[in-house]
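In the two assemblies presented below, subunit A is common to both, partnered first by subunit B and then by subunit C.
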Partner chain A sequence: MVTLTIDDKQVTASKNATIYEAAKAAGIQIPVICHDKKLNPFGGCRMCLVEVEQMKGRQIPACTTPVTEGMIVRTTTDEIIKARKMVLELLLLKHPIDCPVCDAAGDCDLQNLTYEYKVNTNRFQDEKFNWKIDYENPLIERDMNRCVHCGKCARICDEIVSYGAYSFINRGINAKIGTEYDGPLNCEFCGSCVSVCPVGALVSRPFKFKARWWAMNKVKTVCGYCGTGCQLTLGVKDSKVLTTIYDENQGFHNGQLCTRGRWGYQFINSDKRITTPLVKKNGSLQPATWEEALNVVSAKLKEAKSTPDSLAALVSPRLTNEELLLTRKLFKDLLGCDNVDHSAGYAHTALTSGAKESLGYPASPSVVADVQKSDLLLVINADLYQTHPVLGFEINLAVKRQGSAIQIVSDKKGKLSKLPEAKTSIYKPGAELLVINAIAKVILDENLLDSSAQSTGGFSAWQKGLESLSVDQAADQCGIAADEIKAIARNYAKAEKALILLPTGMGYPGHGKELAQAVINLALLTGKVGKEGSGVLILGEKNNSQGAADLSIHPTSGGKSALDIIAGCVSGSIKTLYVAGENPVVSYPNRKLVETALEKVEFLVVQDLFLTPTAAMADVVLPACSFAEKDGTFTSALGAVQRVNRAINPVGESRSDFRILNDLYNAVSGQPAFTDVKAAFQELSGTVAGYAGLSYDTLGDEGSVRPVSGTATFVPVAAAAPATESGKLALVTGSALNHSGTLSVYGEGPMLVCPEAYVELNREDAKSLSISDGDQVAIKSSTGELRLKAKVGSRLPKGVVFAPYHFADASINTVTAGSAVTFVTIGK
Partner chain B sequence: MSNAPAEAKNDEKTPAEEIDLGPANHVIDKYLTLHGNLMPVLQGIQDEYGYVPKPTIDLVAERLNVYPSQIFGVLTFYAQFHLKPRGRFIIRVCVGTACHVQGSPRIVETFFDKLGIGHAETTPDLRYTFEKVACLGACGMAPLAMVNDSTYGAMTVQKVDQIIADYNQRPMK
Partner chain C sequence: MIMPLINGLKITLKHMFMKPVTLQYPTERPNVAPNFRGLHALKVAHNNAKCVACYLCPTVCPAKCITVQAGEDENHDKYAAVYEIDMLRCIFCGYCVEACPVDALKMTQTFELANYKREDFIFTKQALLEKK
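Take a look at the complex of A and B:
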């Protein structure tokens, strides 16, 4: 620690701190424009100039100068104020000063500092710039006339996002922030640049002219898309969510968001929302009152109480913990029905049976802070960046700033493969289990295991199961050379701190129970569980997938799992199906089968925001609220229990899932399950492991990481050679970067960037099939046939094709039936 | 002094270029393991092609794992790099103080007239590129012109005709 004096105040700071940081910690605010706490110091704008007595009154930048013992700093002398005024005059010289029509007004560093330093005249005169404004991309308006050259956009895009869309181009007075060939912006559109822009040079196009910054309420909540659990601030006016607002003090991610988090909010106030209950009359869905709709549904539920096996519920992990608890109480406790599941039944097994059996709890042993403390990140499937983009930023930072090594084991390359020194090993689709087992075998063979492994339960049985595995044979079968597998094993075993990251989701049928157990075995073998910077992160797909796992929203006493429920509808054993927020027609395997099931089931209730293809088949549709219209909690894939706060009134007559389920509970039992959300949380904290001691009121803005505990054990996992079919391409499914589940297709932003379903294939395959980028192609499997747009690139290995699963039109489940790999033929 | 004869502005967009990437790949191979290899690679590519064609930027980005935007930033920062094809013969006329008083503006205007191109432009047949430069370091020979490595001192308007006539005869290599 270092002691120094800032403005006559004794300040103690870490020896690595800058003057700016030391002053800030002491409550002394030094003005900055180019500085950002997330980025490396830049020292470009000269607003933070201060005087240091030991430097003979020279003015030095506070944001780049480290503190030294006994330093005497003055932050606001007359000379400094004069210098800062001149910096502002020079910035205003070229700036158009078009504040009345600028969306940044009110939230603009230049405007605020000009006001604070009372710069009401300018001693300099010059022509303004006349740069062409970039309106050619759908989301970000780039007006370089307003730019103050702080470079934050280029730096964040490089340092954190690792996309590198921007650079300073040209030089001298003509220097500006530009793209490759100074063309229109064409990037992944996370909007990080917009969030850090101190002026209005980069603004959100969907938000343009929607509201003044100061006229909006800012409501803190949690993003409703993926499991990363990013905290979010919604900009609200007249009970409408108009934008997301950047708050650098929110969450582990410092307010950073991805495309869907930042631009996908429009589904909340979409005019496609269902605003009244709908009841099927004479073959079509007609608007009805809540009373009528709830009477119909509760009568059916009461009827089913005597035959609970004929009832089933599919519930979305997008619901809050309190709503999931209510679902459990209504269906399992009150109606005695165990046919309750979510996420197609397979997308949660990595947690609910994999981790549960191997670790004793259905969650990851590691937390987000481990990512940046790790020496080696072992990423299973490069798609992690697509499924959990903001966690991808953490990985970028770990590799680029903390110097972690990264090893990707995947069926295709991805953005993470481009990180400095990143190693990507490509296996044949469906071979992930075999690869992980082979890595474990090498560690056993070369005696690289940790001393703790042998005393862990199940070790000898597990070891025995691997005895017959030949690494050379496995290498042949999985497509990664034996030497490469050995190198991965050695690096992993020898790394002091190594973290395995495993994304899961509806698009990844292969990432289930067995794969989770295989990676946990690997971590246990090398003593990596329970150590800082080490362990395993199994990433639930949706915003509350982890909550659904924690609350056991799946069959627990012999009930039917999701796919069995679908089969039960087909066979007629399930007569009443309650679907809350799930969209099985689009996201469950085998669309035709699901449609048959929903046609056959006698009574179908769908509770959703939109008239999805699933809701369109219902007998009763109950309009539910989005996350912005309700209170409650979500539990992130990283274990944080966080508060969701109501930002707007329910749209139309829609009601929160909590209210709907509570009303039904009341109708069936004669009394509501809970008085309010808070009471539900209280019960949750009393009954769910890890939630004990949490209180709804004290979760605060930060949330709380709930602890996990259990006894780890080795679980044998058998791995077969991946299937192949000669003459056919191997189709793997997954997430597109801009989308999450089937919800983001109702958000305007993601649809502007990624509007339709596609199939991605390798250049060589495309060439041999005479397919060009953008062609419509036919994909045929044993399950069905589909036409999709072709996207030709170099990400995929030869013989492998990829398709995302989010889109209702031309949904990929027309050709897939739930296996990890689907063999298809593709032609024009 | 003006920079160019009023001329229909070239299309800003670079036309789709079909070039042989072999020489560029060769240059990259040569410097692949060198630390800080971007500058020598770009210089090598410019030596091969006479300018830095767009497809080579994408190639360099891919092979050196550098963002294309940053490569473009480097290319536009240094005056030594050219993004458009350059002429076989680079004509430079000094407009420094000494040459200016000796009448170089008239020499420049004459070249503009005769070649039909302005400052930093290239004739459509790729024979000539014309540039005004601040000083060529031979003020004693003012007004001075250079064509590639040959110098022409004590320039006159008449000599402009002779130079152009001479270089019109020379092979394009």
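Take a look at the complex of A and C:
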């Protein structure tokens, strides 16, 4: 700690702090333009000049100068104010004064400082810039005439996003922020640069001219897409969500979002929302009143009460914890039906069976703070960047700023493979389990295990299970050289702090119970569970996947899992199916089978925002609300329980899932399950492990990480050699960066960048099949056939093709049936 | 008793033959001062409304009677796709004119704003465009 004096005030600060940081902590605001707390110090704009007595009163930038003991700093002398005024005059010399038409007005650092420092004349004169404005990319309008050269966009894109789309080009007065060959921007469109731009040089195109900053209500809530659980501020006007707003003080991610969180909000006020209940009459869905629709549904539910086995529910993990609790109460407790599941039944098993059996709780032992404290990050599948992009930013920071090593084992390369000194080992599709077991075997063979391992339950049985595994043979089968596997094992075992990251999701059928248990075994073996900067992060796919796991929204006493429910519909044993927010037709394995099931089931209720292909088959469709229209909580994959706040009125006649389910509960039992959301949370905190002690009112804006506890044991997992079929390509599915589940396809932003389904191939394969980028190709498996657009690149190894699963029009589940790898032939 | 009545009548009779002091509206028209704050007009330059839809006038308007909705034209520039003033709520304070950063708005000498239907008091952009 260092003690110094700032404006006659005694201040203590850490010795690594800058004058700016020390002043800020003491409540003294120094104006900045080029400084951002997330970025490395830059010192480019000179707005933050202060005087330090020991430096003979010289003016120095506060944002780059570290504090020293006894320093005497003045932040607002006449001289300093004069200097700051000059900085502003010089910036305004070239800056077009087009505040009336600039969307940044009201939230512009230059405007605010000009006002604060009363700069209303300019001693200097020059022509304005006349750069061509980039209107060509779909999401970000780049007007370099307004740029103040703070460099924040280039720095955030490089330091945190690790994309590197921008750099300064030209010299002197002609310097500007340029893109590759100064062409239109073509990047991953995370929008971080727009967020940090202090002026209106970078603005959102979808939001362009939609509203002024000061006219919007800013509502804090949580992103409704993936499990990362980023906090988010919605810009609301006239009960419409117009944009997302950057708030650098939100969440572990300091307000940064990924491309879908930033630009994917348009589904909320989409014209395609269903606005009234629909009831099937004479073979087609007709608008109906809520009373009519609920009467039909509740009559069916009451009827099913006597034969609960003929009833089933598929519930989306996008619902709030309170709604999930209500689902459980309605179906399991009241109707006595255990056929309740989500995420196709397999996408949650990593948590609900894997972690549950191995650790004693269905969650990850680690939290987000561990990422940046780790010495080695072991990422299973490079697609982690696609499934949980903002966690990807944390990984970027860990590697680039904290110097963590990163080892990726994956079936394809990815963006994380490009990090400095990142090592990527590519296995054959479907071999992940074998690779992890082989790594564990090396650790056993070389006696690198931690002393705590042998005393952990199940060790000897597990060790026995691995005895017959030969690392050389496994290496042969999985496609990673034995030496490489050994090196990974040694590095992992020897790393003081090592964290394994395992993404899960509907696109990754191989990332289930066994894989989770294999990685937990590995972490237990090396004593990495329960240590800071170490452990395992098993990442649920959707915004509340972790909540659904915590609340056991899956069969718990012998009921049918999702895939069995589908089979039950086909065989006729399930007669009534209630689908809340799930879209099995597009996202569950084997589209044909799911369609047959939904056709056969006697009564199908779908509760959704949109008339999805699933809803289109329903007997009753109930219009539900989006996350922006309701209150409640989500639990992130990183364990944070966070408040979702209602920002707008329900669209049309839609109702929150909470209200719908509560009304049905009332209709069946004669009284509602809860008086309100808060009461539901109260019950939750009393009944769900880890939620005790949380209160709805005190969660606040930050949320709270709920604790986990349990007893860890080794669980034997056998790994088979990956299947191969000669002459065929191995198809793996997964997520695309711009999309999450089947919801983001209703958002304009994601669709501007990634509008349609595609299949990605390696260059060599494409060449031998004479397919070029953009061709329509036929892809055929034993399950079905589909035509998709080809995308040719170098991310995939030879013989492997990849397709994302989000798109209803050409959904990849037409050819896949739930196995980790599908063998296909591709032709024109 | 009768005298006050006669005196009163005298004054009345005298005034019958004097020049009237009131304005004989509508046959006579008032002389409206140039800085009178009557009906608004959107100024026109190069055949287009000068308004750039900056939303400052709706922001400043104390009666909250101005509705602006910006649009993007073919040159990617901002213009007022909707510009409406609800004259029933306007208090003719003139703040909107003062707030306008591009001098796109003025208040005219038009004061005859009576009408039959409420809807007719909502002046659209077309109705507000300055007549030359």
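Note that in this section the second predicted complex is superposed on the first by the 828 of 828 C-alpha atoms of A that agree within 3 Å, B and C clash if a C-alpha of one lies under 4 Å from a C-alpha of the other, contacts with A are read in each partner's own complex, and residues count from 1 in each chain.
One rule holds for everything that comes next: a residue touches a chain if its C-beta (ideal position, glycine included) is under 8 Å from a C-beta of that chain, and two chains touch if they have at least 3 such contacts.
Since this is a predicted model, take the numbers as computed values, not measurements.
More residues of subunit A lie in touch with B than with the remaining chain of the pair subunit B and subunit C. When the shared chain is aligned, subunit C comes close enough to touch A:K208, but subunit B does not. Legend: residue contacts after superposition of the two complexes on their common chain; A:A165 is shown touching subunit B, with no touch to subunit C. When both complexes are overlaid on chain A, the residue A:G178 reaches subunit B alone and has no touch with subunit C. Judged by the touch definition given at the top, the superposed model places A:V101 against subunit C, while subunit B stays out of reach.
In the superposition on chain A, contact of A:G403 is made with neither subunit B nor subunit C. By the document's definition of touching, neither partner reaches A:G793: not subunit B, not subunit C. Against subunit A, in their complex, subunit C makes its touches with residues 52-56, 59, 70-72, 76-78, 101-102.
If you check the complex, the residues on subunit A that touch subunit C are 99-101, 105, 133, 135, 141, 208-212, 214-215.
Listed in rising order, the residues of subunit B touching subunit A in the complex are 14, 54, 57, 65, 67-73, 76-77.
Those residues of subunit A that touch subunit B in the complex are listed here as 154, 158, 163-171, 178-182, 418, 420.
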